[in-house]
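Take this structure first; my questions come after.
Residue numbering begins at 1 within each chain, and the chains themselves are lettered A, B, C, D and E in the order written.
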Amino acid sequence: MPDKPKVAFYWCASCGGCEESVVDLAESILDVVAAVDIVMWPVAMDFKKKDVEAMADGSILVSLVNGAIRTSEQEEMAKLMRKKSKLIIAYGSCAHTGGIPGLANQFEREEVLRYVYEESPSTVNPQKTRPELKVITNGSTVTLPNFFNVVRALDQVIDVDYYLPGCPPTPKLLKQALEVLLSGKLPEKGAVLAPDIALCDECPKKDTKPSDLKFTEFKRPHSIQIDPKVCLLAQSILCMGPATRGGCEGVCISGNMPCTGCFGPTSRIKDQGAKILSALASQVEARDEKGIDETLATIPDPVGTFYRYGLPVSLLRRKNFNSTG
Amino acid sequence: MHGNGHNGTVRIGFYICHCGHNIASIVDVKAVSEYIKSLSGVVISCEYKYMCSDPGQELIQKDIKEHSLNRIIVASCSPLLHEHTFRTAVEKGGLNPYYFQMVNIREDVSWVHTDMKAATEKAKDLSRAAVQRVFHHKSLETKHVKIHPDVLIVGGGIAGIHAALTLANAGKKVYLIERNPTIGGHMAMFDKTFPTLDCAACILTPKMSQVKNHPNIILWTYSEVAKVDGYVGNYKISIRRKPRYVNEELCVGCMDCIEKCVYKEGKTPDEFNVGLSKRKPIYIPFPQATPQIVVIDRETCIEFKSGRCKKTCVEACDRKAIDFKQKEEIKEIEVGTIILTTGYQTFDASRVPFYGYGKYPNVYTSLEVERLVNASGPTGGELILRDGRHPKTVGIIHCVGSRDKNTNRWCSRTCCMYSLKLAHLLKEHTDAEVYNFYIDIRAAGKSYEEFYDKLLDENVHFIRGRVAEVSDWAVRPSEEGKLIIRAEDTLIGIVRRVPVDMVVLAVGMEPQADSQDVRRMFNISCSTEGFFLERHPKLAPVDTFTDGIFIAGACQGPKDIPDSVAQAGAAAAQALILIDSGEIELEPNTAYVVQNECSGCRTCLTICPFTAISRDEAKQKAFINEALCKGCGTCVAACPSGAIKQNLFEDEMIFSEIDGLLKMESPACC
Amino acid sequence: MQLPTPTSVHSEEESHKIEKMKRVVRRIKFESELDLNFGERVADKAYGQKLLSCIQCGTCSATCPLAHYMDYTPRKIIAMTREGFKEEVLNSLTIWLCASCYSCYVQCPRQIHITDVMYTLKREAIQMGFHPKRLPIPILAQEFYKRVLKDGRNTESWLLVSLYLRTNPFIMLREAILGLKLFLRGRLTIGREHVKRRDQLHTILEHKKGEAPL
Amino acid sequence: MPTVEQPKENSWEPRIIAFFCNWCTYTAADLAGVSRLRYAPNARIIRVMCSGRVDPQFILDAFSKGADGVLIGGCHPGDCHYMEGNYKALRRMELLKRMMKDMGIEDKRFRLEWISASEGERVKTVINEMTEQVRALGPLGLPKKFAEWDKELESLEHEINAKGDTVHA
Amino acid sequence: MKYLYYPGCSLRSTGRAYEESLLSVLKVLDIPFEELNDWNCCGATSYVSIDETDAFALAARNLALAELQSPDGTINLIAPCSACFLVLLKTERYLESYPDVREKINSTLDKAGLHYHGRVNVRHPLDVFVNDYGLENITKRVKYPLKGLKVASYYGCQMVRPFKTFDHSHYPETMDRLVKVLGAEPVDWPLKTRCCGGSLTGTIQEAGLRLNRLLLKEAEKRGADIMLTCCPLCQHNLECYQERINRKFDEKINIPVAFFTQLMGVALGLSEKELGMQRLFKMPSLKQITHPKGEMANAW
């Protein structure tokens, strides 16, 4: 009997939700486990780095890596997985487009560290001690990974073959992806394994969107009583659906929450935030600068809104700090 | 025609034009050409003295064949000038014309920069951007639209009259719209015309009646354009016909009603005589008014004010033409082309308080003097001043409201000549001493300088100096009771005080008060001073930036009669070209929706001002009607999922231009 | 026909006139005698006053209440400045006769700030020592300057005294009666007015010494 | 007369990408050319039919590729050849400006101007002003910054080795 | 609204009557004001002939002091002397319009611990009376209408030029409107803003006196009983040199020249002393001026 194909999972800067989504395959997971040989899965099983290092290059059929790259350890592991795998799948928003951790690209490394180690409300650290990268005690050296200044999507560090979008990806998409891969009928390299059409296409509230929408303000979901039957944009709730790839089946929308864009843009788009910005602003009602500004002021955090999952892969990538110039 | 040709590889021909010295003296064309040769995809890169010349165009055609080129770039002047020329050349060479791209290194580079190195770098950047851009070009079909043969002419002055007759004589149907009760415009008010001194009425009124009687001309006076819709070849116009309260079909212009009006004397300043006489509420502007139809002025007519007039006019009219119930009427017409001949207004002399217009009765504007010396004018051509005197000395002040940054900075072009004419007429009528105060005499027309010579021989005084003030401040007994003109005689270098009986202000020409509204209605541009803007100051002087709309006469800038007539003829000819060609080519720069990429989000539907986008309810996708799309690309920029594209302006084209422009590391950046 | 015979006897006045006519004055300007950048320099100093856009219409001269006393009309001053007749311009009486009434400034069709140009020319003339030593106007300006620099305020009586001392002390006699009349009506003061914070004023006025002028 | 520039080896020149609408501002730029107005050579013009065609992505892309400033020229409000493309441009650019401010890109690097076909002089003024504004801000240099940021990916080993002998308890 | 008051040097010597009458009128009309602390000379026309930066800095110190004295909002600074009015106004306008001037002057002021932020609005008292206080309100306060008095209003140059403020640059009417409200008859004459010669009367009398003469003659010719001015230098020139002009040009000019505030005061019922009338060379003949109840206006 030929060896079962080897599959690995690895997580970088992520919340664990992606791992959870694998478990969400529910009984299907058993089929997966039966079909493949899992060689690495830090969340679920006890494999060591050296185990992977010992494997032959390219011997893993596919590695699903989730999470953004934030530390040198993640970089190192990503590179190791790349070396040992035939195919790498960036799994979930963080690996795909940088995800929520990517929002930290609005801050300098030092700002992040200072907040975490000194200023956050739950921290007590009068000496302002910070972890050292390398400590030698009793003759043995202990090193810690370096915390990068910049958060990166996976393909900004290693070559990525496919992407599974979503925060997290849906079990359905994962299952479809695995089936395709195991069948050997590989899609074109670099493909995002989800429909290349915006979410509105599959939105359950699609038919209720008017054709003459004009915004005078943008509202936030908690601030109004949402009509569950009507398009959220029609209720002035800022929904990223028109600029976001479909495939999630509109789960948030069905739960009366607007799309926040986790599937990233369609393949035609270079910058998801710029596009939704363009679409929404075009539909603002006011014609004079003052009126326009009043409407736009109701979007309190444009970067966090338009680039919630995609800041590291946006055209600007990161906030521009003059000190780096 | 071949598309990508040659196994799908892109083969670019790049041509850089010297434009004589225009480009080559500032841009190192050789360096640009050599640099472009080094770029990927470029098969041929060469320089040539005049690319727009026949040999230049033939060079492109020859190279397309010999080198199997499938992309052509010409770096020369503005695409607004020669893009069409080169596209045609490319097409003749056997290539789809939209594989062509133009780089503007004259208007955008050599004519605006002096630094050769910087200009050359800029030309390289712009050329490289084009090289990257043409990789994404596609073969496209040119759009054609049919031209409706009827023409709308707005404004019935001499320019409108001439344009209307020209087109009508060529067999085209013309709608001539005039907002006043009669056509004739300013010219009808003039006495004699310079330099020939023929009588304005004598040469104008025959043309006015021709207009009235021409079977191809529909003349609507007392009417205004209310709305303009559509585009070249297919304009839909709404025209508001104001009520005259006199039935046009019935009135024969006998004027019995005017005589019988309850007002025995006129009370309202007569517009035609610029307020120098009075008219009744029911009137005809002047004896030769066309059409010869009476009009009732609602503002001053007792019937309208109180409703209790004896209506003697109604009784007087045999034909029962007077109709107080007449209502405003809106006419809808369809035309293919439009000529605007809306004319000018004279400068309001009271805006220059130094000259005392409105304060001293004997200060007149030139237009008032035209009426004053006219045999059919308020004084029957006798020169009687407002205070009853006959002037013995007259000062004519040139450039009132012209060449002055405090009022209007432009030269009104006609004032020098009409001032000379008035000087002659005043001398003829009164034998007065006439002083002309001028800054420069501009007599640059056929026989104009000769007319100036004649005036010098007539012993008219010419004092080169702009007048600072007209006042009644006498410091010598000889100045008592006179108006004193103070000016420096700049040729002598001494300030003079010239006492006169009459002052004539040669007022300038300015845009009509509502020129901005008219411009907006017709979607054309105005130059900074407010005159309508021509498409090109030299090569397209009667075209506008909106296809199918032409301009002629003083609405485009100050102009005398011969120039207005010449322009009117030119505008008529331009309209004829369109009409007789039957159809017009349009840029295929329309937007289109890639159906399987559209999510049906409706963003575009809210954006298109031309309602060219609709939603296919069955497919739940957007769909663009190519015939309605005008190619602005606003929906393309707004489509949040990149499903709408635009021919000639695809995203990839613009991204590659940006990339091409910025690729070169500027020297020692940072 | 008889030609008039030349009379052998001239009146004294007439012979003086003839002598004057015989004194030929060369009136020509060679480019080498001009300061060709003078116009641009003046235009530059006076806040983009568009001096160079002058069309020589003469409105300034015609509206100027003092033009009849000037050696060159204001229009000529502008033409000469633009063309680099520096010496003539800075030596002219015209610039000193300008009383800053701003009539020309308001009426100029090219919106040239002629009054400011005149100020610039006055400053140039004073700095370069062009004006006649005892011409009262620049001296008044200088004395005024000094007085205010010292006290921060001007006391008219003292200003006039110093002016007359430097120009023509005899004028003081002429003006004495008027001065007395004014004094009796309390319109001339003996005590000098001054600001309290002279130090502050001096910091302002003296700190910029050595810096380039505006 | 052309002037041959003195070598400015170490001087940085601002690079500005300008999107001009075909009907107003591009025509005005042509007019500036015909009128031989002289202005700074720092702007590179991309012609679009309408300022409404300017996708915010173009602007961000230009910055990310090394532009130091981006200028958009359209018709005056009410004068758009396409009725209201310029209003759409205005709305987008206002929002983009808000977003870019949070991303640390100075307001003055980005400008939307209404320039009608007759305002050749304005083209000159705006380009000159913009050039000077951007010059005062200094280079944005995003491509260079991207490269610098990515250096940290290789820096880890160096850092540990360099600190080699120091002992921290 | 409280005004700041900038007297200027002339109002402390030759123009004392102007200050006396102005302050009395302000008080009687209950217009609140306060003198600018430690003001300095504006620099007049002379200063800028020597040094432009100094001239602006000198004037700007007053503007900066005004801001110190009045910490919030727009400050209305009354400058009665036309020269002061213009110099301060010009400084205000140039500092606003030319950033390089603003920067330079402020850096100069900064050294002395001062700074100008642009809050000062320089006002002429004529503007304040007519446009702030209002002609209607003045009408209500007139006690002795100046019936039958023919007044030639003389505005001079620098109050109306070169900046457009509250009246026309050559044909102003504000003072005439005021005169009318006081019950007198304004004389329409063409020389309202023609230069009086300014300091030329003190330096080049040949020119200066001629200019004075033209003005005085024309005013008399048009039937004026009195000339009104709003500038201490104009008043001085036109009043004090009449004798000399008569001698020099063989004229018989004899016309009183007063400040507009003095005539205002008369109509408002203020005393001769309060208006500094005794300081004039020629007292206006105001015998016919009577209270509606028949009472004579003070001693006149």
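Quick note on the criterion: a residue touches a chain if its C-beta (ideal position, glycine included) is under 8 Å from a C-beta of that chain, and two chains touch if they have at least 3 such contacts.
Here the structure is a predicted model, which means the values were calculated and not measured.
Counted as hops between touching chains, the shortest connection from chain C to chain D is 2.
Under the touch definition stated at the top, chain A and chain E share these contacting partners: B. A centroid comparison over C-alpha atoms places A as the chain most distant from chain C. Among the remaining chains, A is positioned farthest from chain E, on the basis of C-alpha centroids. Contact tally for A-D versus A-B: the pair with more C-beta pairs in contact is A-D.
If each chain is reduced to the centroid of its CA atoms, chain D and chain E end up 53 Å from each other. The centroid of the Cα atoms in chain B and the matching centroid in chain C are 49 Å apart. Between the Cα centres of chain C and chain E there is a gap of 25 Å. Annotation for chain B: residues touching 2 or more other chains are 354, 469, 607, 634, 637-638, 651, 655, 670. Shown for chain E are the residues in touch with two or more other chains, namely 170.
Shared interface positions of chain C, defined as residues touching 2 or more other chains, are absent. Pairwise chain contacts in this structure: A-B, A-D, B-C, B-D, B-E, C-E. Residues 596-603, 605-607, 615, 620, 634, 637-643, 651, 655, 670 of chain B are the ones touching chain A in the complex. Looking at the complex, you find that chain A touches chain D at residues 72, 75-76, 106, 132-137, 143, 146, 148-150, 157, 269-271, 273-275, 277-278, 280-282, 284, 286-287, 289, 292-293, 296, 299, 301-303, 306, 314-322, 324-325. On the side of chain D, the complex with chain B involves touching residues 1-5, 8-13, 15, 17, 22-24, 26-27, 29-30, 32-34, 36-39, 41, 44-50, 52-58, 61-62, 65-67, 78-79, 81-85, 88, 92, 116-119, 124, 139, 141, 144. Contact residues on chain E toward chain B in their complex (touch as defined above): 168, 170-171, 189-191, 214, 218. Note for the complex: chain B touches chain E at residues 353-354, 469, 471-473, 475.
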